[in-house]
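In the two complexes that follow, chain A is the common piece, with chain B as its partner first and chain C second.
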Partner chain A sequence: MSDLEIADRLRRDGLRLYIGPFVTRIRVTLPGLAEHIRFLYTDTPLDDSDGLIDFDIKLGPPPGIRRWLGLGATVYVDDVMQFMPFDPAIAVPMFEWGINWCVFNRPHQYLILHAAVLERGGHAVIMPGPPGSGKSTLCAALSLRGWRLLSDEVAMIRPSDRMILPLPRPVGLKEESIEVIRRFEPSAFVSRPWPGTKKGTIAHMRMPPESVARAGEMASPAWIVCPKYTSGATSRFEPIHRSQAMLYAADDAFNYSLLARVGFETLADVVESCGCFEFTYDDLDAAVKAFDELVPTMSTPMEGVGA
Partner chain B sequence: MTAETSQTTKWIACPPSELSWRDWGDVVVVYHHGSADTHQLTPLGAEAIRSLQAAPLTAAELRDRLSQVFEVESDQDLLRYLEQLMLRFDELGLVERAP
Partner chain C sequence: MTISNDLLLSALRDPACTVRFSLRDWNAVLRRARIARIVARLAHLIEEQGIIEKIPERVRDHFVAAHAEAAQHARIVRWEVNRIEHALTGIDTDVILLKGAAYVITGLPPARGRLISDVDIMVPKDRIDQVERALIDRGWGTMKLDNYDQRYYRTWMHELPPLRHEQRQSVLDLHHTILPPTGRLHPDPALLREDAIPVGVGRLKVLSPTDMLLHSAAHMFQDGELSGSIRDLADMADLMKVGGEQPGFWDGLVDRAERLDLARPLFYALRFAQRFLGADVPDAVTRQAARFGPAWPVRTLMDALVSRSVLPGDGEKRYDGSAGARTALYIRSHWLRMPPRLLTRHLWQKSLTSWAAMSGKEPPEQAA
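Up next is the complex of A and B:
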C-alpha cells in the first residue's frame, strides 16, 4: 500500500491493523504521518473486515479553541481525549504512547506486566525494568540477533494457562540508545529521532518481520531477568530470589492489583516456573552472547535459580 | 509499647479471605486484598499471622506458640521482636488490636 493510500485510509475510515490479538483502528487527521506509520508497521497485517475493533485511536487537533487556532494535537481513544494537547512535531511518539495507553488500560483479561519479552525455542524471557535500566536497548539487540520479539513494553500473560501473548510493536529507543542500536546493527530499521518529548529524544525500531509473522504463537515463561545497564560492567547473571523477582514485577505491573487474587496467583505461578536473575551489562555483543549461552538450559527452566 | 500493654493487648490478624499466600520455604509472599500490597515475610512472620488468624493472642502468648513451632528459646529478645513485628503488621493492615 502506498503512502497515499495509507494517508487516505487514515483520513477516512481508518487503517485497521492486527497488533497481536487486537484489531487497532487508527485515524489521523494530521498531515504527514502516513509515511511514518507505514515505516513502523510495514509488516503488520491489515484487517479489511468490518468486524469489531479492540483499540480505536485517533490523532487530531484538540477540541475547543485550540482546534480553530490550529494549535497542537492530541490522542483520542474511543473518541475521548486521553492526552493533554502536544506539539504535532512529536505526533509519532505520542501515537505510539496512545497504543500503549490502550494496552496498559484495556485488556484486563490478561495480567499485564511492564516488561520486555523475547523468546527462543518456545521459552520466553521476561525482562521487567524501570526507565534507564537498559531494558529496551537490550531487547532491541536481542531481537536483532535471533530472539523473537514478543513485546518491548508488556508481558501479557493469560491467567488460564500462564502463557504469554505476543504483541509485536516497534521498540522505543531513547537518547543515546538510538545511536547504540544503529551502530550495533546498521541494517536495523530505526526511525528518525523525535526530539522534544517528555522522555527526551525518541526513535522507534521496526520489529523484525519474523516477530510479526509469528504474532499468533504464544510462549511459555522460562526466566525473569531484571536488566541493569552499568557502564563498564561485565555481562553477568546474578541469581535473585523468586520473591524478589515477584515484587519487582508486581511493582511495575499495570493491572496486578486490579486482578487481585488472579493477578497474585498468576504471577506467583509464573515466578515459580522461571529462573530469576539480575543481569548487569554494558557491551551489547557480550550481553547477547551471555543470553545465547542460556539457551541449552532452556529445556530445564525449573533448574534455574530462585528456588 | 509498655510492658503492661504488651501483656494485655491481644492481636488478631485479618481473616483468611483477605490474604493470598505463596510459601517458598525461606520466604513467604502474601498478597493483602485490603491494601492490594504484596509483602515478603519470614516464615516466622507468616506463622505469626496464621496463629493470629486462629485466635487473638498477646505478644507473649504468640512468643510461646512460635517458640514451640520453630523450636527456639522463648526469651525476651523474641518477645521484643514480636512486639515490633505486631506494630509493623498493624501499620500494614495485616493485624489489629483485638476488641
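Up next is the complex of A and C:
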C-alpha cells in the first residue's frame, strides 16, 4: 500500500493490525501521520476479515470548540477521549502510548508485568526495570543481535500454562538512548526523534521483521533479569533470591493485584521456574555477549540459584 | 438503528439472542457495553443462560478480562465497607450503605459484574459532622475543591464533598439524604431509615428492597444526568424482578413511592424498564403509577429524550439527535436540582471559574 492509500484508510474505516493476539483498529484524522505509522508497522500484518476488534484507537482533534479552533490533538479509545489534549507535534509518541494504555488496562485474561521480554532457543528472559534502568536500550540491543523481541514494555503471561505471549511493537527509546542505539546498529530502523513529550525526546525503533513474523509463537519463561545500567561497570550477572525477583516483578506490574490469587500463583510459578539475576552493565556489546553466554549455562539446572 | 432493535438492549433483554451475533455485531455491542461499564454484567447474563460455549472465543476473552476487573472492584468495596465500619465504631449511629456497596454486600443481582467507583453511605444529618471527623481521623481526607464547591456541597447538597482515603485512594460519598434539599422532591430520610435492614452483625444497614428501587429511580430520573444510564435502568429491572418474588412488594410500591415523594421517578422507572428491558410489571401497578406521570406533552418529550440517550452514543454516527437529547437532559437534571435563582447563581459562578481557569486567574470570590 502507498502512503496515500494508508492515509485514506486511516481516515475512513481504519487500519486493522494484528498486534500480537490483539486486532487493533487504528484511525487517524490528523494529516501527515500516515508515513510515520507505516514506518513503524510496515511488517505488521493487516486484518481484512471484518472480525472482532480488541482495541479501537483513534488519533484526532479533541472534541468541542477546540476542534473548530484547530487546537491540539487527543487519543480516543472506543471513541472516548483518553488523554488530555496535546500538541499535535507529539502525536506519534502519544499514539503509541494510546496503544500502551489499552495493553496495560484491558486484557486482564493475562497477567501483565511491566517488563521487556526476549527469547532465544525457546527460553524467554523477563526484564523488569524502572525508568532509568536501561531496560528498553538493552532490549533494543539484544533484539538487534539475535534475541527475538516479544515486547519492550509488557510480559503478558497466560495463567493457564504460564506461557508468555509476544506483543511485537516498536521499542520506545528516550533521550541519549536514541543515539546509543543508532551507533550500536546503524542499520536499525529508528524513527525521527519527537522532542517535547512529558518523558523528554522519544524515538521508536521498528521491531525486527522476525519478531513480527513469529508473533504467534509463545515462549516459556527461563530467566528474570533486573538490568541496572551503571556507568563504567563491567557486565555481570549477580544471582538474587527468588523472593526478591518476585517483588521486583510484582512491584511494577499492571494487574498483579487486580488478578489477586491468580496473579500471585501465576507469578510465583513463573519465578519458581526462572533463574533470577541482577545484571549490571555499561557497554552494550559486552552486555549482549554476557546474555549470549546465558543460554548454554542457564538453561541447565538452576536449582542452586535463589533456592 | 432505532432503540427497539438496538443490539446491546436486545442482549440485555434476551441474552440468548447473542448466539446469533456476528463478530461485527459484537464490535458494536462490546464497545458500548464498555462505555456503559456493563461488559461483565452482560457476561453474567449470558453465562446464566448456559450458552457461553456458543459465544466466539475472542469475545469470551473480553468477558474473562471484565470478570477479573469486576471481582477486583467487589473485593475493594468489601474491604472499604469493613474499614468504614471500623472507623465509625465509637459513634452511636446506623450507617446505611447505598447503591453499589449495598448491592455487593447483600449479593443482590445488580452486584453481578459491577464496576464501582465510590462507596456511598447515609447517616442522620445530626451525626454527619461527627462521622466526617471520625473518617478524617482514620485517613480519609476531603478532596481538593475550591471554596465555592465546598460551600455548594455543604449548603445545598444531600451529601458532603467526596472524601478520599489518603493511602487507598478510595472515594467515599457521605450522604444525609438521597436527593438535594434544593430540588423539587423531598424524600424523608427518617422514613428510609425506619425500613432499613441490618446486614451482618454490626450497625451496617441497607435500604429495603422497595426503597432501593425508589432510590435508584430518584438517582436516575431526578438527580443524575440520565444519558448513558442504561446500567441504572438494568439495576432497576433487576430490583423489580427480585422484589417481585417477595410477597407484598408490588402492592406497597406505589404507595411507598408517594409517601417518599418519589412517585414521579417511579413512574419513569417502571415505564422505561418495561419498554427497554422488558421488565415484568403487573398491570395494576402500571395503572396505579400512571396517575403520577407527567401530562402528555412532557411524557412524549421524555420518551423521546430518554430513548435517544439512555444508551451510550455510537461514535460512528455524526449526528442522530442524541447530542441534543443529552444536552436537554443535562439542563433538565440541573433544573430539577435547584430553584431558578439558585441555578442562575450556580451556573454564573461555574462560568467564572472556568473562565478563570482558561485565563489562568483566580476565580473571583463570591459572598455566600
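Everything below uses one rule, namely that the second predicted complex is superposed on the first by the 301 of 307 C-alpha atoms of A that agree within 3 Å, B and C clash if a C-alpha of one lies under 4 Å from a C-alpha of the other, contacts with A are read in each partner's own complex, and residues count from 1 in each chain.
Operating definition for what follows: contacts are C-beta pairs under 8 Å (C-beta built on N, C-alpha and C of every residue); 3 or more make two chains touch, one makes a residue touch a chain.
Since the model is a prediction, treat every value here as computed from it, not as a measurement.
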item: Partner chain(s) touched by A:268 [first = chain B, second = chain C, both, neither]; value: first
item: Which of chain B and chain C A:260 touches, first, second, both or neither; value: both
item: First (chain B), second (chain C), both or neither touched by A:243; value: first
item: First (chain B), second (chain C), both or neither touched by A:133; value: neither
item: Contacts of A:106 with chain B and chain C, given as first, second, both or neither; value: second
item: Which of chain B and chain C A:235 touches, first, second, both or neither; value: neither
item: Partner chain in contact with A:143 - chain B first, chain C second, else both or neither; value: neither
item: Contacts of A:50 with chain B and chain C, given as first, second, both or neither; value: second
item: Partner, of chain C and chain B, that touches more residues belonging to chain A; value: C
item: Where chain A meets both chain C and chain B, residue numbers; value: 257, 260
item: Of chain B, residues touching chain A in the complex; value: 20, 22, 24-27, 29, 31, 33, 36, 38, 40
item: Residues of chain C defined as touching chain A within the complex; value: 23-24, 26-27, 31, 34-35, 56, 58-59, 61-62, 64-66, 68-69, 71-72, 75, 313-316
item: Chain A - residues contacting chain C, complex; value: 50-54, 56, 76, 78-80, 106-109, 255, 257-260, 262
item: Chain B-touching residues of chain A, taken from the complex the two chains share; value: 241-244, 246-247, 250, 257, 260-261, 264-265, 268, 272, 307
